[in-house]
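Please go over the structures that come below.
Both complexes below contain chain A, partnered by chain B and then by chain C.
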Partner chain A sequence: MFYRENGQFKTSYRADQQILPILQDRIAMLVLLVVGFVIVPMLASDYIFRAILIPFLILSLAAVGVNILVGYCGQISLGSGAFMAVGAYAAYNFFVRIDGMPLILALVLGGVCAMLFGMVFGLPSLRVKGLYLAVATLAAQFFADWLFLRVQWFTNNSSSGSVSVNNLQVFGFSLESSAAKYWFCLLLLSVIALLAKNLVRGAVGREWMAIRDMDVAAAVIGIRPMFAKLSAFAVSSFIVGVSGGLWAFINLGAWEPAAFSVDQSFRLLFMVIIGGMGSIMGSFFGAAFIVILPIALSQILPAVTSALGFEISTASISHAELMVFGGLIVWFLIVEPHGLAKLWAIGKQKLRLWPFPH
Partner chain B sequence: MAFFLETLLGGLMAGMLYSLVALGFVLIFKASGVFNFSQGAMVLFAALAMARFSEWIPALGITEIFAVNLVAFIAAGAVMFVVAWVIERLVLRHLVNQEGTTLLMATLGITYFLEGLGQSLFGSSVYKIDIGMPKDPVMILESTFEGGVLINKEDFYAAIIAAALVALLSLFFQKTATGRALRAVADDHQAAQSIGIPLNRIWVIVWCVAGVVALVAGMIWGSKLGAQFSLTTVALRALPVVILGGLTSVPGAIVGGLIIGVGEKLSEVYLGPFVGGGIEIWFAYVLALGFLLIRPQGLFGEKIIDRV
Partner chain C sequence: MKLHALARSAALVVVIGSSLAANSAFAQAKEQFFPLLSYRTGPYAPNGVPWANGKQDYLKMINARDGGINGVKITYEECETGYATDRGVECYERLKSKPGVALFDPQATGITFALTEKVVNDKVPLITLGYGLSVAQDGQAFKWNFPLMGSYWTGADILIQHLGKKEGGLDKLKGKKITLVYHDSPFGKEPIPLLQERARQLGFDLGLIPVTAPGVDQKAAWLQVRQNRPDYVLLWGWGVMNSTALKEAQATGYPRDKMYGVWWAGAEPDVKDVGEGAKGYSALALNTSGTQPKVIQDILKYVHDKGQGTGPKEEVGSVLYTRGVIIQALGVEAVRRAQERFGKGKVMTGEQVRWGLENLALDDKKLAALGLTGVIRPISTSCADHMGSTWARVETWDGTKWNVGADWYQADEQIIKPMVKVGADKYLADKKLTRREASDCQS
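So, the complex of A and B:
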């Protein structure tokens, strides 16, 4: 009834190819942005900011990066945690060692370092694919784990192995309050997600998808596999690196290498699987799901079990969380390989006909 | 020299245990083309089951240590059969003909599920598995070298058990009708199906065998380190082993395991001090990565890898 594009005519290619061709979508996006930038900061409490919103924004950014590599280019990566770590530690070193280094520049330089690191460990993708590549990216993960734990130089010779940053500011605005952190992350996420969306709509993105769908056929029609794969690794690890910097600087404040362990890599991959492979919007769904699920389970499970008459320990909750994650991944892979984003698309499709079924 | 030999032997023993875990990977990949990331979780699950059963069984009136362990082993084996059957029924059957990476990610899901299930069924502390292996170290070659070479008896027995298991598996693959069916499925799913080999049953069998291998690996690792969550990292150590040895080769898993075990120990002892130590963690992976670039099918693997 309301979600119908009848009567919305396009008279130019430009109008036909915009990101949101339907008026209702544009309005919805505008409303979403207003809610995100204005309404949410007015309503949210400090706990909500710290526990849900900021992790959600930063992990969404990381998931966008992983999605470009895994979802769009089909190169499975289990080393995303390593790319985050490289971004975080590189940004830290630029930030601490150079006086007056602006925060944004440090984050971007961290992203560039992650990009170089990602391209080096992406080189095996030119020779092998599938699970062999997964092993290659796992090598990146374990190498980075070791590097930041053992090589003192990267942690600025900190004796405990953990590093911290404080007095963050952007253009003179302090990033101490939760709302300011939230705004900063949201702004960065919006800009990078828009860039990523345009990238995957353009020529480069089509090359990635062609490589993903059938690499030999792509090569036959003139797509350079080397350029496509390495560019996917570069863009992906840049975004993941920036998100790693944000995760360390904004979300954690003080961190050690364990913050970017192989578990983080798996979590990022799960976000992409559950959210939807090959969909920028799916990355947001996946990140939201992974951030909210443990919190929801820790709220719901004790209530359910106490209603049934027995107590549940925190350890059992974390085991249940593992089982739910595992079960959901298998379930999504079997039933809906395109994840939550596909469910959303189906819902929209149904809405176009509603309330008349034909 | 004695120190070098000690390190080498220690590496070989550790490598034997990596081989055991790697064997599970190879078996499943050979028979179904699924790269089973959950082998580590299966090792953990089996070890936890074994440890807890051996704790519970004395309550039934069996007290002699050998009998207790035997019953616990059989019970844990039965549990692994059930796990294998459920995995085939609920997961693999629905993912026939999917891409390799999809199956890989599905086994990642299974990994998480088994980790959670194992710990909620059997508890998440460190449990002891006592299969009565002597733990005292012995000196050998005392006449040849000054000070002799110190080896751990436990490692030695573990290596013997592992070798026996490998021999048993080769016999099973070569001499029994089921083994022949398994090899047929490994060569060509469709051809095997068309001559009447039931694919689903073969997969259940293979996952059961992998479960038993996981149980043996879990038992040995568990008696060394205790049955606990950190056993899953052992599986991540076994990944480079299969890459190095070749994904489709049982001897490859053994040789790869030995190479990785020795390489890790030697690199840690002789290279480690120069770069800050702890390089065990990534050495195997970088070795496998380098090897991947030169010979992607591994030492003994078949040359059917997807080249790009």
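So, the complex of A and C:
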């Protein structure tokens, strides 16, 4: 009823190529941004900020990065945790070794290091693909684990191998408060997600998708596989690297290599698969699913069981969490293998025809 | 339609239930809240569970026996971390804002590192009994950290002293080969600087063999041990790593009586599966085990006999269970001490509990009153020393139970103190922070 494009005419190519071609979408996005930047910080408590919103924003960013590689270019990667780790440790080294290093520059340089690292470990993608590539990228994960555990230089010769940062500032503004951290992450996420969205809509993105859909055919029509694959690795690792820096600097404050273990790689891959392969929007859904669901379950289950008159132990909650999680993943994959983003798209499509579907 | 109605009413119940729970928490202000971070799942669960049970049972016992701390009821909530840093941070953020929050025991070295950066702003003390950051002993640099009763540095030093004693003098260690088999994480790496310092002084040959977390795969490490034939192996493991190491040692034929574990490698879950194969293996003992101490008897009487125990009854009094009890006992005593200054029968804030932790003075008489006679040594903290005691003993597994040796060892201050000072200074310099003023001590 309210969501349809009748009467919205596009009279120029420019108008036809907008990210959000429907007026209602543009308004909704504007409202969403206002809510995100203004309303949420007014309402959210410290806990909501630090335990839910900030991890959600940072992992969304990581998921956008992984989605570019896995979803758009079809290069399955299990090394995302390693790219995050490289971003985090490189940013840390720039930050503590160079006096007066601005935080944003350190994060970006961390991203650049992750980009180079990702391109090196993306080289096998020129020869192998699919499951074989996934295993090859696993090497990146193990290499990073080894590197940051073993080479003391990267941890500024910290004897325990754990490093930490404090007194974070951006242009003189302190990033101590939860709201400031949230704004900073949201701002970075908005900018990078917008750039990523435009990238995948453009020529480069179409090359990636061509490679994903059928690399031989793509090569025949003149797409250079080497350029497409390596550029996907580069862009993806850069974004994942920046998110790794944020995860370490903003979310954890102090971290050890275990924070970027292979588990993290798997979680990122799940986010992309559940959220929706080949969709920027899907990355957000996936991150929300993975971050919020376990916390929500751990809060809701005790309330439900106490309402039913018995108490549930912490261990059972944690086991139930895993079971519900596993069940939901299986259910999602069967019902909608294209992820939450596809459900969202179907919902939108139905709304456009509502109330007279044909 | 029916299904929808059902879902809607279920959602309603959940919302009402959770808001009720939230309301009741806010309504009762006269309660001291103890957040209980724990892990009952994952590779470290066998060791994490008795520890968590001990922590919880002690609080239940205090409520049942004494009606709380000078009349202030204790409430608690457990939060599962799975030993993962990000989950631990989430738990911390969730529980730190509850009214009357007293202190945190993160129960993991990795989480301790992350929280160390956060407690300064939130003004909640962190107690890390026998683990955590060794340099945090320096209370003038780390205002909110309390590595009570020992750190990995004191532990490593005590082990070297014990080896020296066995050999007939520390100077006899010269030329000996001592190998550290360690969990490849901050937890396992912490003792290395001290062992290196000791190796330099005493002239023994220190070998370092890391074991990837969680420590199930140690074949390569023990091949190396077999190749080098060290005179002693120091085992710095946790959870499943310990029993695996003992099994591997058995398979490689490395004598177990030359293996010495840290106090986190000296509990029942570590050796039970190995049984006879672990015979002769020794580890540090921060505390005794068994059901004889009065505090354990009280827990059995007031909690378990009433059917309110947290875990199985047979487990009460095991090594890690007792350690959980001690951790919580010290926490409760810190609140009690704080009440002596800031008002009895009141709920203490995090800052006030910190003062209490900084002024703990538990002599033999007080320990007896707590029912901890013979379980631990007297402990007294100060503004400069957040550890309070660095004593420990060595215990040996005889195939069925741990036998605690008679000798108490104290870590060598002359070695530890300068190292703590240097480490704390480096930390402060890295963070561009300054030492606390003397006047800050009474705050």
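Just so it is clear, the second predicted complex is superposed on the first by the 344 of 358 C-alpha atoms of A that agree within 3 Å, B and C clash if a C-alpha of one lies under 4 Å from a C-alpha of the other, contacts with A are read in each partner's own complex, and residues count from 1 in each chain.
Just so it is clear, a contact is a pair of C-beta atoms (placed from the backbone, for glycine too) under 8 Å apart; a residue touches a chain by one contact, two chains touch by 3 or more.
Every value quoted in this text rests on a predicted model; they were computed, and no experiment measured them.
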item: Chain B versus chain C as contact partner of A:55, first or second or both or neither; value: second
item: Partner chain in contact with A:129 - chain B first, chain C second, else both or neither; value: first
item: Partner chain(s) touched by A:315 [first = chain B, second = chain C, both, neither]; value: both
item: Partner chain(s) touched by A:273 [first = chain B, second = chain C, both, neither]; value: first
item: First (chain B), second (chain C), both or neither touched by A:325; value: first
item: Which of chain B and chain C A:149 touches, first, second, both or neither; value: both
item: Chain A positions touched by chain B in one structure and by chain C in the second; value: 145, 149-150, 315, 319, 322
item: Of all residues in chain A, those that touch chain B in their complex; value: 74, 76, 124-132, 134-136, 138-139, 142-143, 145-146, 149-152, 215, 225, 262, 266, 269-270, 273, 315-316, 319-330, 333-334, 337
item: Residue numbers on chain C that touch chain A, as the complex places them; value: 13-14, 17-18, 21, 38, 40-41, 45, 49, 52, 78-80, 82, 84-86, 89-90, 93-94, 97, 109-110, 113-114, 116-118, 121, 133, 184-186, 189-190, 192-193, 210, 212-213, 423, 430-432
item: Residues of chain B defined as touching chain A within the complex; value: 35, 90-91, 94-95, 98-102, 104-106, 108-117, 119-120, 124, 236, 239-240, 243, 275-279, 281-282, 285-286, 288-289, 292-293, 296, 305-308
item: Residue numbers on chain A that touch chain C, as the complex places them; value: 45-47, 50-51, 55, 96, 145, 149-150, 156, 159-162, 164-167, 176, 251-256, 258-259, 295, 298-300, 303-304, 306-307, 313-315, 317-319, 322
